[in-house]
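Each remark here refers to the structure printed beneath this line.
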Amino acid sequence: MTEYQMKASLNQGKVRKSSEFLRVLKQLSYNKIAMFGLILFILELVLCLLSPVIAPYDYAAMDVIHMNETPSAAHWFGTDDLGRDILTRILFGGRYSITMSLLSVVVSLIFGVVIGSVAGYFGGWVDNVIMRILDIIQSLPGMLLTIVVSAALGNGYLNTVMALSVNGIPAQARMLRAQMMRVRGSEYVEAAQSINCSQVRIIAKHLFPNSFSPLIVQASMAIANRITMCSSLSFLGLGVQPPAPEWGAMLSGARQYIRDYPHMVIFPGLAIAVTVLALNLMGDGLRDALDPRLKR
Amino acid sequence: MLRYTLRRLLWMIPIVLGVAILVFTLMTFCPGDPAQILLSGSATDEDIQALRDNLGLNDPYLVRLGNFLGNTFLKFDLGSSWMTKVAIKDEIATRLPRTFTLGIISLLISVAVGIPLGIIAAVNQGRLGDNIATALALIGASIPGFWLALLLILLFSVKLNWLPSMGIGGVKYYILPALTGCTYGIATLTRQTRSSMLDVIRSDYITTARSKGVSELHVITRHALKNALIPIITVVGTHFGMMLGGQMITETIFSIPGMGSYIIGGVNQRDYPVVQIGSIFLAIVFSLSMLVVDLLYAAADPRIKARYSQSAKRKVKTK
Amino acid sequence: MTETKNAPFLEINDLKVEYFTKESVVHAVNGVTLTLEKGKTLGLVGETGAGKTTVAKSILRILPDVGARIVGGEIKLEGRDLLKSSEAEMRQIRGKRISMIFQDPMTALNPVQRVGDQIAEVIALHSNESAEAVRKRAEDMLEMVNIPRERYSEYPHQFSGGMKQRVVIAIALACNPELLLADEPTTALDVTIQAQVLRLIAQLRDKLGTSMMLITHDMGVVATHCDTVAVVYAGSVVEYGTKEQVFDHPTHPYTIGLFGAIPNMNVDERWLHPIEGLPPDPSHLPTGCAFHPRCKYATEACRTGEVPTVITPDGHQCRCHNTDAVLKGEGK
Amino acid sequence: MKTLTRRDFLKVASIGSASAAALLALASCGSKGGETAGSSAGTNTNTGTGTNASASTGSTASNATVIEDVQQAAAETVETESDILDELTIGMGGFYTSLAPVRNGNYQWQIFVRYLFDRVIYRTGDRRYIGQGAKEWSVADDGVTYTVELYDYITDAEGNPVTAEDVVWMIEESIAAKQKACYAKIDTVKVIDAKTFEVKMKSDVAENFEICMASTYLVARKAFEASADGFATASVTTAPYKVTEFVASNSCAMELRDDYWQKEELLPPELKNRVKKLTYKTITEVSQQQIALETGVVDAFASINATIVHSFEENNAYQVLSAPGAVGQNIYCSGHESRPIASDVNLRRAIFTCLDVDGLIKGAQDGRAEPMHDFVPRTSTGYVTKWDNEDYFVYNPEKAKEYLKESNYKGEALILSGGTSVQKVAQLIQGYCLAVGINIELQIEDQALLSTHANDGSTWDLALSNQGNGLINVWTNRFDNTAYAMGDAMSRHDDELQELLEFTWQVKNFTEENIDKVHKYIMDNAYARGLYLPFTITVQRADIPLTTPIIASSGEIDYPASAYTL
């Protein structure tokens, strides 16, 4: 950033109290690709939420006569091995996959923030104990931990959400702790302490807002990763059980037909890929928007 | 440096112990009675109770934990799988190399493709090269591994019949599984290289280098890349960890008898020793690779090497 | 291209440089014309963001390629226009015939490369001596800048700010360049070290006969070290002449304002006289003379049209419509 | 939002279209594969068996042969002359992490084991017990003491003799391992002399002795104790084959040995060995099973997954051989007093008669199964052949509705429990029951979770499970109310049935007439019913010159024992 660019942007950003959120949105709007991702994701979310209304068939309605049909006018995406309409199942499936990923990211965010801020703020032996526990959790390959926890908790929607979130907690906690340590040392926190704000106020008012933007970026990237992991769990027969139309379960159920009825495998895979692509585009855009240095 | 490495190795012992206890506890929570699964339904109650005593499942939790830790860490008796009666250490001796080689091969492919792609994207930022590289990276990151595996098998082994689609054997057998594993790796590495290179290219010492008359190629390779290495190594490290985990799906699809399918089989059949010992070994391999990553940090950045060797107290991980 | 005998050592004619950002175009340099004799030192003075650094970087053609473009003018080194030279030719010149010292020593050195190697690199590039000879010359340079030669293989983070700047100087002067561009070499250092570094630069300049362009916003530095002075405002030279001419007869209202802003030791004044207003936004430069919004002597003519360069009575150049009004009275 | 300048629009379009194009390209190569898969047979390049006949699309003459009746096929195999095949690679779904003989329950019935270890008695495909290690055996008049006389020249691959003392040691070893339920029924076993030993059973239940002897392997104790891992990886076999290469849970290559202890002429037809090199490869992934056949990685695939068989049927480069399997699909009603269905026979009858078995076969098994007439398949011992032409819960939705009216069913959801392998048929059953007004709620669990309450009738109303290998075995495991803490496998206490069972399963009363009484009792009370018997399907390349296939007890083809003409 040569002195010129800095001066230019200084004058340009009229000093008005635009809230952080608006600034991010404005910055995000510059990044066309991120907007493309955001729109795509919102479109998918809306389609999935409206699925009961717009879906042509009932996702569990079996039709033994029309089994394994390739895409046709009646069934745009064709039917699966029990004659159920794949398009409907993908729409309903979205509700499972996307909501489970979002929920699991929120859960790991909450746990991560709590653990991170406790470790970050109090420091000392509390910090060390927590850090060593996080080391232990993180020294197991992510997928393995999720599988064992999912097996321990059992199958089903909420259990799978918990299993998915366990994996993200150490990373979020560590991220927040690093932010807390950095922010805690900075001047304006000392300034706040000097005018004797209460500790809680300091945490809420100063530590959180500044630690929040990297967390948001990491969380948005994590959603994409969670969708893939959620599908992998169903692929291994854990997580959500049939007849629930979760994308991973559909993919794993149809993989034996890949040679003869590939349409059953292609569409769920595409659904996962498109959603994760949209989330990645959005995540990248968000990261650039939130990172002041990269402001163009 | 040696002292730091020794300290880190000593630190691994409590961590591996922690992993053992964590997995042991998780497995005890798993619903399903191993004895019943073993006898697979054709046995009466007292058969099942007899087997439970035989396996020590009826002892209280703490006793069993004590025995398990005692056997594993003191007597180094890794025991044998309940289902197959085969000694776990033999099983791991044959399976770990396969998983490890597969992990290393896809890691190397990710590095060999990901980093150059990232550099190309960073060097011509905003131009065509950048768009193509970013698009490739995004696609790689969004395709689910197992879906890609199925499509690759269809393309390469069924239609073109170039590569075997399953099993183990010479190098030919590792190509498709490695390709499946590394698409995500290439994607994350490209994006990480691009962003850290962009940060570095704008810094002052790059302008100093240019003012010395250094050619653009050398500015990138000698000055920019060496400084951008740290965040890249972090991604390579965490990616290798994910690789070990991600193998489970690849191994199931390509029927490669590696650690992944062994542990998943163990979890499904509630074969406690297999899961516990398998996890410990994976945790050890994982922690060792993390240590290698940290040592790579020191090799790449003298400032970190200085902090390792002077700091007497534990190196506080503030990744 | 033969070098004509009597051409000045360095000649910059009507240089124009622009920066492109997403929303706007920044006119960093708007027609700078300067000359520098061999062995002499030119002081470039002006506020931050006036385009001083951009001029220096344009000479070496190391402007950051994202968004920066030289849109006009020529830079002749002994008659040869650097802007028309090929990249290969420029690489021969950078570090050998022209070199540069940067403002912030903390980030000017490559943190992961040994200090000695960073000096040796420029020597090796421009000479084909053996590795030992290159190393010995690099160690000599270290000693020349008063750093013990044993510290050759240490890393930048083991050096203080002042010592790092001395390494940068060693790098710049390693190949005995004909022209040294020093971009505010002491701004980032504390006062005690500043004097030391400046004295070192001056000694080496005199010893090696290097001509120098010293960029600074510190009038004291200009007074002690420069032969000629160019005052830069909003990307163009508003006053240019020898040190004595400009210091004794400041003609352009901006230069006078600059001198007014310096506390005068022997006058008991309660308030300094800062120049009102803010420097103009380089992406929306005012028409006519860029200083007119803040100029007490501004007349209608100043607001529009070209601003002529006038020769003041004592013979130095000044770019202002009503130089005589300024010289006569204090204006409104 | 800023108006899109042309340059930005191009940039977004290029990224968007590039990513979408790539995804579609990858996907299309998948689907392109689909259309032609049906007809094209991958030209396999290895083992030089020549290119296949040109891939004719959708040839009408289906090349699937159903091996009609196992009993009938066995009778035919008089001393048919046969040539020797030099090499055969067979794919299988199951995997073996070790070759150790003392293993869990279902190991002993796998065909693979016959090529490793000979046994005291061998059970043939049609459930006859013939002597393998045993020359002959007899039962004393107390009905529980058996004396077995072995051949006196049994040796293993390393030439160690295998005597009665080795066999008794192996029986005691198996009893101690507590892994095979049948051994719990042995009271005492002792050696009499070098080639005879005596076994005393706890009770004279038919077939118990034979099942134990059929899972006792001939192993020389000296060789077993010398091996470091108990024969897990390198085993000294007593069967005609020796293991040349074993990769745990991946593949096992075997070769015919020339120093096999038994004389050729004494080998019964079911134990002939006509393949020199035999390799078994494990392929668990169903799509890979299909690809392995197409790319020639395997010459045949034993008990292939039913869903991928049809693509081979229309392709005459392959031959599809199906034989009735050993394990039938059953549905049981809970007998626990907390469940209303336990005391409501009309509800049970309604459920059993509202199920269209042919629809289930079409939906769940792609048509590759046959309806059952009892809760054991017709291939198990003790099956009364006359049941085949009797009515057995004929599909009649109207009658089902009448039963429902008579029953005191008030519309509450009945829980149908089952493992992940039966989830397809469970969903079909749910559909049929709903058609007559019975609400079913599915409780599908993975194997581990299911096993914790499979025999606890209080946790489900209906349960899907599959049962096989012998009537007596099913009676003791499912209907004997002393078997589990809460009664029989459905937590039911039916003393009248218990008395009937304990009378019939004694060797002397194990007659067709008594068995039929048990069958009638269970059918009238609608405690349980058989649905369908899936076929065990083997797909092999058409150019394997198999003339008369021999079926092993697991329903798979015993390739070495089968006859070939080159």
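For this structure, a couple of remarks:
For reference, chains read A, B, C and D in written order, and residue numbers begin at 1 within each chain.
Definition applied: a contact is a pair of C-beta atoms (placed from the backbone, for glycine too) under 8 Å apart; a residue touches a chain by one contact, two chains touch by 3 or more.
What you see is a predicted model, and the numbers here were worked out from it, not measured in a lab.
Chains that count as touching both subunit A and subunit D, per the definition above, are B.
Put simply, the chain nearest the middle, going by average C-alpha positions, is B. Put simply, the chain farthest from subunit A by mean CA position is C. Chains B-D form the pair joined by the most contacting C-beta pairs.
For the pair subunit B and subunit C, the distance between mean C-alpha positions equals 53 Å. Taking each chain's centre as the average of its CA atoms, subunit A and subunit B sit 21 Å apart.
Centroids of subunit B and subunit D (each the mean of its C-alpha atoms) stand 38 Å apart. Touching two or more other chains at once are residues 30, 151, 154, 237, 255, 258-259, 262, 265, 269, 273-274, 277 of subunit A. Within subunit C, residues 64 each touch two or more of the remaining chains. Chain contacts: subunit D has residues 11, 15, 19, 23, 27, 30, 33, 37, 285, 287, 291, 294, 446, 448-449 touching two or more partner chains. The part of subunit D that touches subunit B in the complex is made up of residues 11, 14-15, 18-19, 22-23, 26-27, 29-30, 32-33, 37, 42-43, 45, 95-98, 100, 102-106, 178-179, 181, 184, 229-230, 232-233, 247-251, 281-285, 287-288, 291-292, 294-295, 297, 446-452, 454, 465, 473, 476-477, 483-485.
Across the complex, subunit A meets subunit B through its residues 1, 131-133, 135-137, 139-145, 147-149, 151-154, 174, 177-178, 181, 224, 228, 231-232, 235-237, 248, 251-252, 255, 258-259, 262, 265, 269, 272-277, 280-281, 284, 293-294.
Chain contact summary for the complex, subunit B toward subunit C: residues 125-126, 202-205, 207-215, 222-223, 226-227, 300-303, 306.
Residues of subunit C touching subunit B in their complex: 57, 60, 62, 64, 66, 90-96, 99-100, 102, 104, 107-113, 121-122, 125-126, 155, 157-158, 168, 171-172. Those residues of subunit B lying in contact with subunit D across their complex are 30-33, 36-47, 50-51, 54, 81, 83-87, 90-91, 94, 131-132, 134-136, 138-139, 142-143, 148, 150-151, 153-155, 157-159, 161, 164-168, 252-255, 257, 261, 268-270.
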